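Here the structure is laid out as structure tokens; the discussion comes afterwards.
Each chain carries a letter (A, B, C and D) given by its place in the written order, and its residues are counted from 1.
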Amino acid sequence: MNMRFDPFVIPFNIGLYFILVYVVTRCVIWFRDLSRTDKLRLQRGFFGVAFVLSLKEIFMESLIHRKILKTNIRLGYMHMSLAFGWFLLILFGTIEADIFGAKHLNAPYKAIFFRFFNPDHGRTGFEAAYGFLMDLILAFILSGLLLAVTKRFYSKIVGLKKTTRLKITDKIALTSLWLIFPSRLLAESFTCGAYGTGSFLTGSLGAWLATFLPAQQLAYPFWWLYSISLGTFFILLPITRYMHIPTELFLIFMRNSGIKTGDHSGTYTEVQTYSCSSCGICIDACQLNFSAGITNIQSAYLMKAIRNKDDVSEIADNCLMCGRCDQKCPVGIELSPIRMIQRRGGEAENDIRNIYKGYFRSRQTIISEKAIGSSNFNFLPETDPEKADILYFAGCMTHLTPAIKNSMIKIFEASGVKYSFIDEQGGVCCGRPLMLAGQDKEARELINYNSQMIWKSGAHTLVTSCPICYKVFKESYYLDVEVLHHTQFIKRLIDDGSVKMNFLHKKVVYHSPCELGRGSGVYDEPKEVLNHVSRLERSNFEDGNSLCCGGSLANMKISSQNKKKIALDAANELTKNNPDILATACPLCKKTFSAVTYARVADISEIVAEALIVKPVNKNSGSHINSIKELANI
Amino acid sequence: MVDDNMDRFGFTISTGRQIDYESNDRSIAEYILDKEPSFRLCIECGGCSATCTTGNFTGFSLRELNILIKRGENDKVRQNLKKCMLCGKCTLVCPRGVNTRNIVVLAKEAFQKSDEYAI
Amino acid sequence: MNLEGKKVIWNDYQKEIADDKYYYVRSCVRQNFFPGSETAFLKIMREELNKDVYEHPCHTTCTGIGYHSDIIPVETTMTVVARQFAIMTEAGYENLMPSCITSFGLYTEILDTWHHFPEVEEKVRRQLKKATGREFKKPKNLAHASDVIFKFRKEIGAKAKYKLINKKTGEPLKVVDHIGCHYAKMFPSKGVGGAEYPYVLTGMIEEWGGQIIDYPERRHCCGFGFRQYLVQANRGFSIACSKEKFESMKPFKPDMIITNCPGCPMFLDRWQYVINEMEGKRYGQNGEGIPVFTYEEVAGLVLGYDPWDLGLQMHQTDCEPVLQKMGIEYSPEDKYNLEIRPSYTESHKLINV
Amino acid sequence: MNKHVVVIGGGVAGLEVAGQLSKAGIDVTLIEKETKTGGNLNKWYKLFPDRRKSSEIKEYLDGITLNRGINLLTNTTIEMFNRNRNHLLITTNGGKELVADAIVVATGFDLFKSARKEEYGYGIYDNVFTSADLEEMFRNGKIALANGTVPETIGIIHCVGSRDEKAGNLYCSKLCCVTAVKQAIEIREYLPESKVFCFYMDMRMGGAFYEELYREAQEKWGVSFIRGKVSEASETIEGKLLIKVEDTLAGRPLKMKLDLLVLMAGMEMSEGGKKIAGIGGLNTGENRFFAATDNHFGSNISNIDGIFYAGTCTAPMNITETISHARAAVVEVIDYLKDGR
């Protein structure tokens, strides 16, 4: 026997076709809103390698969830079993329906509810084997589901300290999601029980149930339940976090086509915010969470707040901008840039939220451009710096840690390069702090002022001791001057033999400053320099995973007590194996750590200066000229 | 009116420098205190002003602005606030752990919100 | 307000005031702007109280105004003052009674200086001798004219024809007292009741039926401040001081102001007019100013002297409201009728000695 | 026969000395001019910095003295000193004759008579109180204005009668700053709605845990500290107190209306002390407190053989210091009684 159609599939069908149409429309809208260049990028990507890469990434990340697996195996398995398992179920279900169905190319519901329409299928041979496979996949999903359910009620099990809080629609969607597979299990089992078919899971469960229950009658309602939960889930999808499932695919494709977040919100930001699955990995990565117990400002919450169009100013400002979450985000959302966009923006208008708005969202843009008023730095004096090849800009913070400044002077003198210390008498701020406060207009004034000075000096290289300055000089100053952090500069001096130094028999552990490491990707030079002069030991927090000292200028809101807590935890981590020196490459990190640890905290420049063999340098020796050339990469 | 007096009498009634605590508007101070309690901890030691980059170039003194805000003498604050570069040295030197940068940011915010003071 | 508390303090500031044989020294400001006051004072002293009050036509300014305006060096001032003492000594009087608060303050200051630095006194004696051939004895008693009126307030009260009481309502008049800065602020012990809660005028007011009112800016200067007023560029400050006081006393609805310094009534009176001209502000009730009196004028009114004989027409802020409240008969048409009045000729006689 | 020491003054220092001496087996007579012992301690309800009740201290002191049955003469003052070889003869107001081997003067301090700062109007304006008056209010658990209403704005004036040439006291009374901070906190506890302002010349938070208390007052209780000496107070028509002060840190004069004004009265040599100094020929210093023979080694030793000092009759001290000073005096006395006699 073989039925054509049954009314219970209607909910499923409605849901399915609705979500298909919806997702397509959203993608079209997003595409339409893209800038011209991004449109081109996307088109090129579609016919290029980007497409292939995307498919691969989609498979690896959206189905297998490799990244999550790496950071947290149980959480990874949970996501994988649900995503990948369901994918397989659909895939093989369709094939099954195609092979064994009454005819080829069935409507989707035929595949999803195959067992209903072919109740006595799968008794023998290949059919049975195939049935076994299907049961296996279902079991795989259910195992994941089990984890998911327990996670909700006891998140420790999946190794998450903090799990994201939900809004009501999320709750409904979640329940429907949870109901999908159990209801399918029961529906199939009852059917199998009634017809004595089915494999190890559905078959045996069905047979057992049939012993004491009227399987024939009970199967039908469960098929209804199965269909309804599918339908509900699909309908609710757009207004819940589960929208991340379809959005992420689009995101991956955009990213692979080379689209970047940039300074202003737009489609890409929007797509990213919707791609956040609120997995909560960022919450675990955040030091404000695990050191200071601040648990409502992490990126997952920021994304949610943006999606809900809440006023995010409080959340956006309360962040060290250390970038640890960017590194850890399994979806690869550019969290910090998005946060910066929020800081630049004024308060987003609080528009009434309702179901309609949920489905047909207005564009994700900052309403009012943050109005700080015309800033007023016209009191700054005219600059006329002395001419020099190489400029040394110590930076505000370095003036509060004179040891660094003096060490650098010592190193400069020893190397014999002709340099000029432009902010010796205390200079003008580099502008980064203002930027971090979202006050770009003001920052730009300072940038222009400093640019003037640098340009007038006619230098070809700018060395700075402060990673904060370094980042802004490199990214936001339009100078044809090579910007080096002093660690990079010292590395060069060592390489071209301009300075010689002893080996200090000291155990050193290196703390990579956020702005230098994650912020500017300078990981190696500092460590190479340290390796050159001392015994550099590894810590559990290297490179991308390195901690923040807590002193970050980026967080306007944090209290000094909480700063201390973070600094203390970080310092303790780094000094676990009692090194002789806790080395860093940032005056701010140094100052922050010195306050909380008994270990000696020193900037790399200090260690180098200590190891330096000061030899009289012949100022106009050829070698010296060369070294200058090399320095300038002429 | 004033000039008129000048013409007729050769002088006008001078207005005092006295702070009239009751009649002053301390809404700005309250806004900051509410969002940044460490504002209360300032003991006016002047460390912030001493290290201040802007202070190197102008008479700008965060210490002075702090107290003027608390007294509700908002005009001078409004005129000077924007000179701050937010470089954060003040926060680093503050012996009382006052979150000075946030005070500046909040003060700007507060002025922005109150129309009569909008910067 | 706890009067007992005040009395405790008043007890700490008793001063000795001679009871007869006074050498009277007129005030530059008072005799020019409130001549009626000094005339009335002499009349009261001589006719009502039968006291021996002597004054000499040759006595000069004490230079107080010049001294406090930083244009006369202190030694010069001392020598001039020494001359007044000399004249008094020659006349055989020992109780100095200045009409001017600034003179009073200056004499007190000089005597105190000489007490602490006898060599200065010696020098001054030499200078005076050299300049005028005169010698002097220091006064045995130095009391301001208002101290003397304070001393005899009861006697005056006994002879009173009118009281500082609102005839209609029977309520005591609300009176603000203003003490000249130089009266006790420099030497609290030399003032009746001290500097913080002076009693000299309060005593009269209480005695004559009025009710003294205490207001926040009670201690504030009237605004004269010498160079503050004399230099035109500073006058804005001078008038601001007076305004501060008026603003502060207004809520207490005072009926009148009484002063013991020649300068103060001048400024409290004239500045009310100027403030009104500048800002259209008045501080009394129903659109009037607050009448300002010298203590002599008040004593005169209490004793029933003719307001115009007292020279109240010289005031810029009208005094009529108070006259009406006290129920004093006066003829409005005579206010500016400057026919010879006996009291004037009398005072002229005195000066032509 | 047993040695006999007369202790003059039944305050913290006197009681401690008496207690320690009798512990050491010496006969002690304690002379107190009031009807009961405790002295200034009785004026205080709770003590800085830990806000313990003063009664606890009193209990301890009584525990080591009265309950040990030392000879206590209350309502007694000294009228005359005489020396008879090694003995000191004391005549009390009751005409009683005492023979002592040594005398410990522990006459303590009097609070500055705040009415002497006339410009603040203590005793004249209804709502001006002293720190001691406020303690009394705390004891009764009710802070109220003269008319019974609850104050909303309270001003505390530091250095009333201390560091003030006009009041004739050049020295710092040391305890008023921290007392002000303590009382400010207590006021805020009693009246959570109130605003408290402290007007100070310098915050002298020298003692242990003083600065922490100061910080707490600012951080937790929102007490405002304004640097400037209040020049004068006067009553407004609505019965508030208008004060004038320069906010020296704002560099501007400031006027403010307050409901209640508390004067932090300083410490002065007690009247009793002055009298003793007179009849006993004991040296006093510029500050009118007893002058010890040596500031470092002899802070308990007077210029007269056999007479010793203990506690705040020599200088302002807090209770901790007073007790230490008293114990030091005991050591000196025992030492004195031993040698040669």
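Convention: contacts are C-beta pairs under 8 Å (C-beta built on N, C-alpha and C of every residue); 3 or more make two chains touch, one makes a residue touch a chain.
It should be emphasised that the depicted structure is a prediction, and the values quoted were computed from it without experimental measurement.
A summary of chain positions shows that the Cα centroid lying nearest the centre of all protein Cα atoms is that of chain B. The mean-CA centres of chain A and chain C are about 85 angstrom from one another, to the nearest whole unit.
Inter-chain spacing, taken between the CA centroids of chain A and chain B, is 40 Å.
Computed centre separation for the pair chain B/chain C is 46 angstrom, with centres defined by C-alpha atoms. In terms of their C-alpha centroids, the spacing between chain A and chain D amounts to 65 Å. Under the contact definition stated at the top, not a single residue of chain C touches 2 or more other chains. Multi-chain contact residues of chain B (touching two or more other chains): 16, 38.
By the contact rule set out at the top, the touching chain pairs are A-B, B-C, B-D, C-D. On the side of chain D, the complex with chain B involves touching residues 203, 215, 218-219, 222, 224-225, 227, 247, 249-257.
Against chain C, the residues of chain D that register as touching in their complex are 115, 118-119, 121-126, 232, 234-237, 242.
Residues of chain C touching chain B in their complex: 232-233, 235-237, 239-240, 243-244, 274-275, 277-279. Across the interface of their complex, chain D is touched by residues 16-22, 33, 37-38, 40-41, 43-44, 63-64, 67-68, 70-71, 73, 96 of chain B. Of all the residues in chain A, the ones that touch chain B in their complex are 371-377, 379-381, 396-397, 399-400, 426-429, 431, 433-434, 437, 439, 442, 446, 553, 556-561, 588, 591.
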